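Presented sequentially are two complexes of chain A, the first with chain B as partner and the second with chain C.
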Partner chain A sequence: MSDNIKKLLLEFICRNFMVDEEEVPLDKSLVDAGIIDSIGLIEISNFMEKEFNIKIEEEDLTRDNFGSVEKMVSFIKRRIES
Partner chain B sequence: MSRSYERCTKCILSAAFPRIEFDENGVCNFCRETILYTNESDSIIKAGKQIEMLIESSKGKSEYDAVMCYSGGKDSTYTLMLAVKKYGLRVLSFTFDNGYISPTAFENIRRVTNHLGVDQFTFSPSPENMNAIIKASALNPIYNARTLTRISSVCNSCISIVNMTALKISMEKKIPFILAGFTLGQIPLNGIIYKNNYEFLRESREIPLNKLREKAGRFVDSYLTLPDSLINGSDAYPHTLNLLCLEELTEQEIIEAVSEMGWRAPGDVDGCSSNCMLNSFSNMVHQKALGYNPYELELSHLIRKGLMTREEALVKIADQPVEQQARVMNELGITEHDIAHLDQLYRKI
Partner chain C sequence: MCGITGIISSNISRDNQRDLILKMTSTLQHRGPDGWGIFTAPGCALGHTRLSIIDLSAGHQPMETGRNVISYNGEIYNYEEIREDLQKKGISFKTRSDTEVVLRAYEYYGGSCFSKFNGQFAILIWDRIKKELTIARDRYGVRPLYILKYNGGYYFSSEMKAFDAINGFKRTMDRSNILTHALAWNTLDDNTLFENIRSLPGGTYEIYSAEGTVKNTRYYELGESEQSAVIDYNTAREEFSAILNDAVKIRLKSDVEVGTYLSGGIDSSVITHLTSLHNNERFKTFSVGFTDSEFDESNYQNEMSAKLDSDHLMLAIDYNSIDKTYLEASYHFERPVFRTAPVPLFLLSEAVRSKNIKVVLTGEAADEILYGYDTYKELSMLQHWKTNPGTDAIQSMLGQLYPHLQYFADPKKLGFIKMYYEDFLGDFDNELAGLNIRIKNNAIMASMFNREWGVTFDREKLIDETRKILPANYSSWSLLQRNQFLEMKTLLSGYLLSSQGDRMSMAHGVEGRYPFLDHRLIEKVFYYKDSFKLSGFSHKHILRDTFRGDIPESIIDRPKKPYTAPDLKSFNRDGAWTESAAYFLTPDKIKEYGIFDPGFVQRFTRKFASGIPAEIGYRDNMVISFILSAQMIQYWIQNPKKQTLREEIKTVDISDY
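== the complex of A and B ==
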């Protein structure tokens, strides 16, 4: 399941933020990498809600959950399974 | 794919726009694939319903229902009218004065807020501080490449101060909504409604804020951060609503509606602004640094939606009065030499 989540997330990031997949670090913050800004974070959380049919609350918006692609994938997986 | 076109033949995105590719007819990939800001009417309808429900549950519980970021331009004037007349909100109107607001825009603010019976106040940072922020934003790559596809660096600094000030006001007064006058194209579809989360915002803005601190001074914190007392004393953050995104209107329809409240078009701004005399300078700097006008994305979106013709958009971005740019450069102490090699500096972002 994680591979599929990662694939969909990376596709969205590449398409929406105009980067190639090899430019997206998997273990670093997309903000720190200069790929997204504050509006970008909102876009990603909205994409996750829609694509994976999960609910994201204000308190979920932390570096622990959104600090990298890998952290986002884990967060989505946890939320789907809960 | 051909890259010989200077500009898309359908919208106005130019060859310098990031990731652009033209087909054999000169149509760009953004027009063909609607990569950005797609017209998802179901998402707009959903956002509209969500906004109505939120307003219904929060209205009348505070001194004001909403803080309106009111620039005096036509879009925020229309948004203020929507808030008061269509949604029945009790609005506190707030204007950020960067020192370059057209006198006509201030007259518009007075006339419209009087007409709508709305309380209004203006926040004016000291010219010394504000000019330092503007100068640092113009001459340095502060923001990331993605941000700069939809807004100039100088505009983004001003808007960041507007957003942070509105957040402070709403938290101090426990006002549930912040209203902004953005349209789709200026913001993505998901930005019609969102809940502010300061930690979220702070983390995402840390890198540009550090660059601004370095180039302008530590004083920028007073405009671009929240005090701890406010963060610790708050149990809820407001929602930001972009009500104008829910409407499908041409520029002419907006102008006609706001004119009925006494709004007049300023004669001392460029073709892309209806309130700010700094805009032409900001656009010129963006063009020099990145090779395209910062309004291309927004205007191209309007063209694709059928709300503006390509010719009208081209006229707008061509209307950049050089005398205004010269006046601003003189005020800021910026020379031609300072901006001559911005493209080399921005290659690093």
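== the complex of A and C ==
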């Protein structure tokens, strides 16, 4: 399941933020990598809620959950499974 | 206000030199439609196009004395005082013009004359005896002056397009500077976006010898006055009000009628209010309105105009007018821009000129000197956060930071914003101050250029480049003072005063004057306590406090709204790119001009294939404005306009041959 989540998430990031897949670091902050800004984080969270049918609450907004693509993937996975 | 050109070269024939100075000068006729003149001598040529504002009948240029010849663009607001001083010293004058005062002051004081001038200027002076050319620029770089080194000679001009007239020369974008420009909204130091072209830094002058040596002298730097006496708030208010009032008063000196711009914000409202105090007659005010209410501020403009009973003209701008004018405006702004906001000002200056107004006062630079920009609040918030980790105040500060942006009202979205700013806590107080934030916001720009150019973001290199322009006392300043210095060197001089300022108004022969850029005011305000300018989150505090009662409360207390115009919306209708945008975004044009990565542009255009979403980020607007303007600038480089000078308005033709 993680692979599929990662694939969909990366597709969205590449499409929406106009980067090549190889330019997207998996273990680094997308903000630090210059790929997204604060609105980018909001766009990603809107995508997550819609695409994976999950609810993101205020207390979820931490760097542990959103600090990298890998962290986002495992957050989505946890949320789907819960 | 005028256009100036110059050539220093010993390996050019007399005929070619004359032909070239005429061609170069012909490209600047929009800056000076009232007349033109040239000077030629072995080794040096000067050109001038004139917009006559003071001493309409005399004051033609280039102007000569026995020894020197000047070509000058600008205004010296204290020229009458300098003239009187010189007269007391036995100097006599032939005209009433400010040009002659500049020339005689230079002859009397040498290079130290520039620090006596209060004004905005770019000057070329040829010394016939020493065979040297002195070039100078005002303190803050209000008036432009570019220098091209080519084929063993030096070429000078108010606008870079004049260099396109040189046989065999073609402007080439400088790959090593393009990312700095994209990140900081200006190239640093004297660099420009083009190879071999420099911009004379504000506050400096240079002397070029016939042998080709160049000597550079800085005569002014921001914060040079180092005032040690700390003054209290009430004294500061009185001082601030008195100097600003005088700054407006001296800028109203003119032999032609002067108007003002009203944006709807406090800065231009204060300038217009002060103008009314010195003007017994009804005067003209001008503004830009938008059919898209997201951008429109006409209700505030109308309120201020009604209060002063000014003769007001509001020019309504829609998506179409921006789309249709972007190409022509790009001919004038000459470098990629980040917003379409210069375009409405281009159209406005056309309307101003059609009302026979040549001079307008505007509110530029108040945001820089009085901490009006969000970067000042952001830095202040980060400072508080760093010293009070775990504080709850951040959430509310963030909410106040951008009250005009709707998503700050949603607590969840606010959480993301907080997470975003958290990333800056480690380094926001390094040399780059607020540039740290702008650079990160703009970092996406690194991936859009032609892959073969090898453009990559190197933060350390940028910090090193920035260090080179920092004055010795920089580290003694507060973080907000440092931010002001960098804002003035980047956004203000590179974008607001040039692309959006000088170039847009001078495109139609309209001169902008900026009371907030009076150096007497800036030097005082710079050393006021930070809290006089940013009190909590109350920005431009001293300005609002001083003029409360003179300006409608609704304008004084409204949240700050930066002046912007529709970007993406102007070029894309329901997913379809406009004809002009589509032409410049096609893979063929992208490949032909070679500036951008075709893959990036394709992903970008595809992203908006089904229209512009309601919540559109700052970056996407910036990217479209930047790509299209860069493409259009390249178009003009490849298709320069051919112009000729009208013989019947030639006023000067001096030859030393």
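In this section, the second predicted complex is superposed on the first by the 82 of 82 C-alpha atoms of A that agree within 3 Å, B and C clash if a C-alpha of one lies under 4 Å from a C-alpha of the other, contacts with A are read in each partner's own complex, and residues count from 1 in each chain.
Just so it is clear, contacts are C-beta pairs under 8 Å (C-beta built on N, C-alpha and C of every residue); 3 or more make two chains touch, one makes a residue touch a chain.
Computed from a predicted structure; not experimentally measured.
Engineer: For the three-chain model obtained by superposing on chain A, do chain B and chain C clash or fit?
Structural biologist: With chain A aligned, chain B runs into chain C, so clash.
Engineer: So, does A:10 touch the first partner chain B, the second partner chain C, both, or neither?
Structural biologist: Neither partner.
Engineer: Which of the two, chain B or chain C, is in touch with more residues of chain A?
Structural biologist: Chain A has more residues touched by C than by the other partner.
Engineer: Identify the partner contact of A:23: answer first if only chain B is touched, second if only chain C is, both if each is, neither if none is.
Structural biologist: After superposition on chain A, A:23 lies in contact with chain C alone.
Engineer: So, does A:58 touch the first partner chain B, the second partner chain C, both, or neither?
Structural biologist: both
Engineer: In the superposed arrangement, does A:37 touch chain B (first), chain C (second), both or neither?
Structural biologist: The answer is both, since A:37 touches chain B and chain C.
Engineer: Based on the superposition described at the top, state which of 59-67, 185-193 or 221-229 belonging to chain C clashes with chain B.
Structural biologist: 185-193
Engineer: Enumerate the residues of chain A that count as touching chain B in its complex and touching chain C in the other.
Structural biologist: Common interface on chain A, chain B vs chain C: 15-18, 29, 31-32, 34-35, 37-43, 58, 61-63.
Engineer: Quick check: in the complex, which residue numbers of chain A touch chain C?
Structural biologist: Against chain C, the touching part of chain A is residues 14-20, 23, 29, 31-35, 37-43, 45, 56-58, 61-63, 66.
Engineer: Which residues of chain B touch chain A in their complex?
Structural biologist: 18-19, 35-36, 143-147, 149, 187-188, 190-191, 194-195, 197, 199-201, 203-207, 237, 349
Engineer: Where on chain A is chain B touching in the complex?
Structural biologist: 15-18, 29, 31-32, 34-43, 46-47, 58, 61-63
Engineer: Which bits of chain C are touching chain A when the two form their complex?
Structural biologist: Residue positions touching the partner: 407, 411-413, 415-423, 440-441, 443-444, 446-448, 457, 599-600, 603-604, 606-607, 615, 617-619, 623.
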